[in-house]
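Following: one structure in structure tokens, then a few remarks.
Which chain is which? They are A, B, C and D, in the order written, and residues in each are numbered from 1.
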Amino acid sequence: MIVECASDMDPRAIQRLVEHLQARGKPVYRIHGPQPVLVCPDDHDLDPQELQTWPGVRRVIPVRHAFQLAARDYRPEGTQIRVGEVLIGGEEPVLIAGPCAVESRSQLLETAYAVREAGAHMLRAGAFKPRTSPYSFQGLGWEGLELLAEVRAETGLPVVTEVMAPEEIPLVAEVADVLQIGARNMQNFSLLKAAGRQPKPVLLKRGMSATIEEWLLAAEYIMAYGNFQVILCERGIRTFERMTRNTLDLNAVPVVKRLSHLPVLVDPSHGTGDAAYVIPMARAAIAAGADGLITEVHIRPQEAWSDGRQSLTPEAFARMVREVRAVARALRELEGDSHRA
Amino acid sequence: MIVECASDMDPRAIQRLVEHLQARGKPVYRIHGPQPVLVCPDDHDLDPQELQTWPGVRRVIPVRHAFQLAARDYRPEGTQIRVGEVLIGGEEPVLIAGPCAVESRSQLLETAYAVREAGAHMLRAGAFKPRTSPYSFQGLGWEGLELLAEVRAETGLPVVTEVMAPEEIPLVAEVADVLQIGARNMQNFSLLKAAGRQPKPVLLKRGMSATIEEWLLAAEYIMAYGNFQVILCERGIRTFERMTRNTLDLNAVPVVKRLSHLPVLVDPSHGTGDAAYVIPMARAAIAAGADGLITEVHIRPQEAWSDGRQSLTPEAFARMVREVRAVARALRELEGDSHRA
Amino acid sequence: MIVECASDMDPRAIQRLVEHLQARGKPVYRIHGPQPVLVCPDDHDLDPQELQTWPGVRRVIPVRHAFQLAARDYRPEGTQIRVGEVLIGGEEPVLIAGPCAVESRSQLLETAYAVREAGAHMLRAGAFKPRTSPYSFQGLGWEGLELLAEVRAETGLPVVTEVMAPEEIPLVAEVADVLQIGARNMQNFSLLKAAGRQPKPVLLKRGMSATIEEWLLAAEYIMAYGNFQVILCERGIRTFERMTRNTLDLNAVPVVKRLSHLPVLVDPSHGTGDAAYVIPMARAAIAAGADGLITEVHIRPQEAWSDGRQSLTPEAFARMVREVRAVARALRELEGDSHRA
Amino acid sequence: MIVECASDMDPRAIQRLVEHLQARGKPVYRIHGPQPVLVCPDDHDLDPQELQTWPGVRRVIPVRHAFQLAARDYRPEGTQIRVGEVLIGGEEPVLIAGPCAVESRSQLLETAYAVREAGAHMLRAGAFKPRTSPYSFQGLGWEGLELLAEVRAETGLPVVTEVMAPEEIPLVAEVADVLQIGARNMQNFSLLKAAGRQPKPVLLKRGMSATIEEWLLAAEYIMAYGNFQVILCERGIRTFERMTRNTLDLNAVPVVKRLSHLPVLVDPSHGTGDAAYVIPMARAAIAAGADGLITEVHIRPQEAWSDGRQSLTPEAFARMVREVRAVARALRELEGDSHRA
């Protein structure tokens, strides 16, 4: 159960409410988000209507999931996140594109201009790369971050980049408009808590064997520590199938849309691992109701230092943009028709 | 390697060719399909150009997959299958709909009229039901088949229905326009061979833990026994995720389209197990490039004897038809534009 | 709920009992097994004690699982199956060994003598082989079956061999002491029903993505059609791990032992797919409580027509026998000690 | 390829060797472990014999895996790790036991005495707990660590406890004899690197969907940063099966033993999630060749704050110890016999 308090509710009154709930044997969590919120995850036998009568209590929202703040019940209208002029969770699919890793100034800049030209709203690129082997390219690190800052300034594109450790967050957040938490760190709870204690939006990738419930609980960690700007991103799960690098689980899109108010993006590049499948799966993601896409684009995929096989050329990306927009527009028009009908 | 012979090639000449290949230590399979075809699965060190010079040999097609006749190399233009006036694998998505099981004459007839009205091209319904428990409803059997025959005659809708054992095929094929082989029987090789020896098109569902290669090899069984009219159907694979009954693997659509010439349908009902997710996943399937959909529709889902939870009402199905058609049209127009450009 | 009737209970009295239950809205299944048994899967609100008072009713056993006859509740003491002089489910682990496929008389005979010498109780070998590709060796078929009959007669070893279609059962059962139903056919319900209608014991392999509950329900099919002699066999499930062909799921052994009274064997050959791992996993299977092992042995694994990589040599098999017996003996002695204590 | 240098090899000579390799276009990693080691992961076309002739080079070991230092090729004799008087990777299985979480001084102390009495060599208990939900008990934190220090001093049992973030390592390492990295952090590369830069042995749990290769590469991270004392721990992988919390993958034991020289433990508690299955799977783990077990034990499982369902009572743990020792002894004696023979 979520108890949303007025911004100006007296802290002592909040404290009394907490004690009232605790006296009834309930664990209570106080969230320092946009406004004071209490979460009482184990709420059977609590009476929402009684709590509603407390002065200063704005809303009491019963939630029947393990996740609370991430549940759609909390914000039935859905959450929209603004990054500069980009609106994530709005009507228009958000397109994020760029190389797997920052490799050089020219590579990054050239790609950034190309994806912007093709219609991308934001730039993605990794300075810190989580790699399975310690002997693989680990990213350019702080140098890569500086290049990201420069290219961001030059192109005006907001930047999404991965952060791999709590102590990196402050410096990365100086450059990044959105902090990415990668699939391998989805249950790195230290990192989730640290991301919750800072104000930049967080793009939270689904772990490769995370259930949707675990993913939403990872989002809940970030929210429970005060940051409500969480963007979910489906990127493929691990199954027995070997024709694709991962199994992009588009079912997650309507499931998340029903269970949660958070926006959900799809990464068809990691999801399939093969440039040949990225465009059809990008179209499918939008048709399934995703709020946008994050796609790997490289000016010369065959020369990429990592993930070349799954990277689109700028030309292919431009085609992807046309096709996903056609799908989005067709569904929007249909909705418009049925609203008029 | 596939060696396609002219329809009028002298059987003795074919025999000499077979012996020529066998003399080089190769296994050779003679397929009695639309025209005589030889398959030589282990073809390294064979010279296609030499074989091409044999009189009566029409085409020699090297295939680098374990599956041969099912490989796109064999028919780069794709396979279209005609069922009455319905074309599967053509420009327009094919829509197959109906209840999980035949329950009664009125239930079946009412549903058939409703889905036809909403735009369905074919009727699906099971008379023989594969059920996990011996104590679950096993279908009406032959009585259900008779009802299917009646409703087919009355509505003019071609019928797809499941066949579970080789010995059932002759009688089922008297009623069915398309024989369905279910996920649990995808590697029931006796059934595959029997389905290959008869002329009705076969809808082959992917097994719940079948790799795409195993699925195409199951199709190859049917083709190797002479029936080239195989329709593939993705229906969800088994993963750790529990929010959906299965994980509908839409990645399989572009993968199969690239590897094979066979048409591929998607079953969003079994794929998700929840009516709430059927429409978005139906849209996504078409956007991913599927040739059509097979959807469970029941006039009163909450009263269905099986699979009620995942069945659409006729009204919801009509909405699904509008939405998937909008997606298909948008992508077709875009393609038209790019052809004109 | 299971209602076990006396062998001499009047059929009309049974019929009255059936009608009594049906009148209360319950589905009732009448099993023609060793003695008359009624199964009432949906038993909430039935009173066992009332039914117990019916004349002719021997036992009323409430079962809280979807499977009923396969549940341990039905036979808490466990089921033992006798095959000639071999006791499956007894104190001593049963060892079944032999080649993947019958290849020739000498290959089969030589292997049979070798495994008998090493301590095997039964011979395994396939005449009909379920193969992923139609172009792979499909087994010698009826000729292979004749060789099995000869080698059985010559060595005195009882024979386990796979049956792939209902119509093959009568002839295969003339040779086989135990009919094997393979993993791919675990939910081939026509085959399960046919195996239930004949008297030979059935070795039922777990499907490669079957849950334990589905596996026990497949056993229930065989039992519900009258054959209570079912031997379960764990042979590895499909996961993301690629270092082993399958993931041998030894957890299934204690789970099945707790849930069911049926004996359970383990197949470490298919379970791992690599001869290097067969012996440690065979030891582990026995330590986990399995009733025996079925192991692939070939006189010259590197020349085997199928599954050579996972086949033991006779020498390695002899070592396996020594090691699993040492484990079994150690655990038996410990149990003896604790009984004396 | 691994190039092991003499401890007293001149740093300038090492530098020249590095440059020699780099000049041939090879990436070279210099490991600051027990002695200077160079790793050259991409070694095709390098000549081991030529490198062997360099003064100061002790051994050149070609490794054909992505992991190098973790590969058995590097230490064919196997690695043994000494923790106080306990030898991990020796002849005797190492038994680690204790509660999931530190709950109180008396709970921890009582359990520690009980498991020591039953034969445990080391104590496990979590002060920092990775929990799926932010609203679940997160461990007592630093207070729990202090209790661990006290109980360690009082009982003399070495302690294994989890570390969740790089910055926690120094303080945790003051108390812990072995640092545990949990399944969710197996690819938390910041944590792996930090664990590699300190001297305490690390118990590295397999991630819940990690392939064995990824797991060994995670160990390689720790080793590449200088800490060669890595203990692997199989704890169950995620599959479709729901009767067990995870699927304990005992196949990993012989696979790891073949591929790597590192000792491997098994955690049957998390692996099965049910106390009823812990003892048989513990026996099986030892029979499969594991170097030891880590088992959850609670003085009153039904009152445990977490993981109660999978915790053994001290009595059940004592039985487990007797049974696994019987298995280990039987296999050791057999080996002794065959050595004498």
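We take it that a residue touches a chain if its C-beta (ideal position, glycine included) is under 8 Å from a C-beta of that chain, and two chains touch if they have at least 3 such contacts.
Keep in mind that what you see is a predicted model, and the values were worked out from it rather than measured.
Two chain pairs are in question, A-D and A-C; the one with more C-beta pairs in contact is A-D.
When chain centres are defined as mean Cα coordinates, A lies farthest from chain C. If you average the Cα atoms of chain A and of chain C, the two centres end up 49 Å apart. Separation between the centroids of chain A and chain B, computed from CA atoms only, is 37 Å. The distance from the centre of chain A to the centre of chain D, with each centre set as the mean of the Cα atoms, comes to 33 Å. Shared contact sites, meaning residues of chain A that touch two or more other chains, fall at 209, 238-240, 242. Across the complex, chain C is touched by residues 209, 211-213, 237, 239-244, 247-255, 257-259, 271-272, 276-277, 280-281, 283-289, 322-323, 326-327, 329-331, 333-334 of chain D.
Residues 27, 29, 39, 41, 66-68, 130-135, 164-167, 184-185, 187-191, 208-209, 214, 217, 220-221, 224-225, 238 of chain B touch chain C in their complex.
Remark: chain D residues 209, 238-240, 242 touch chain B in the complex.
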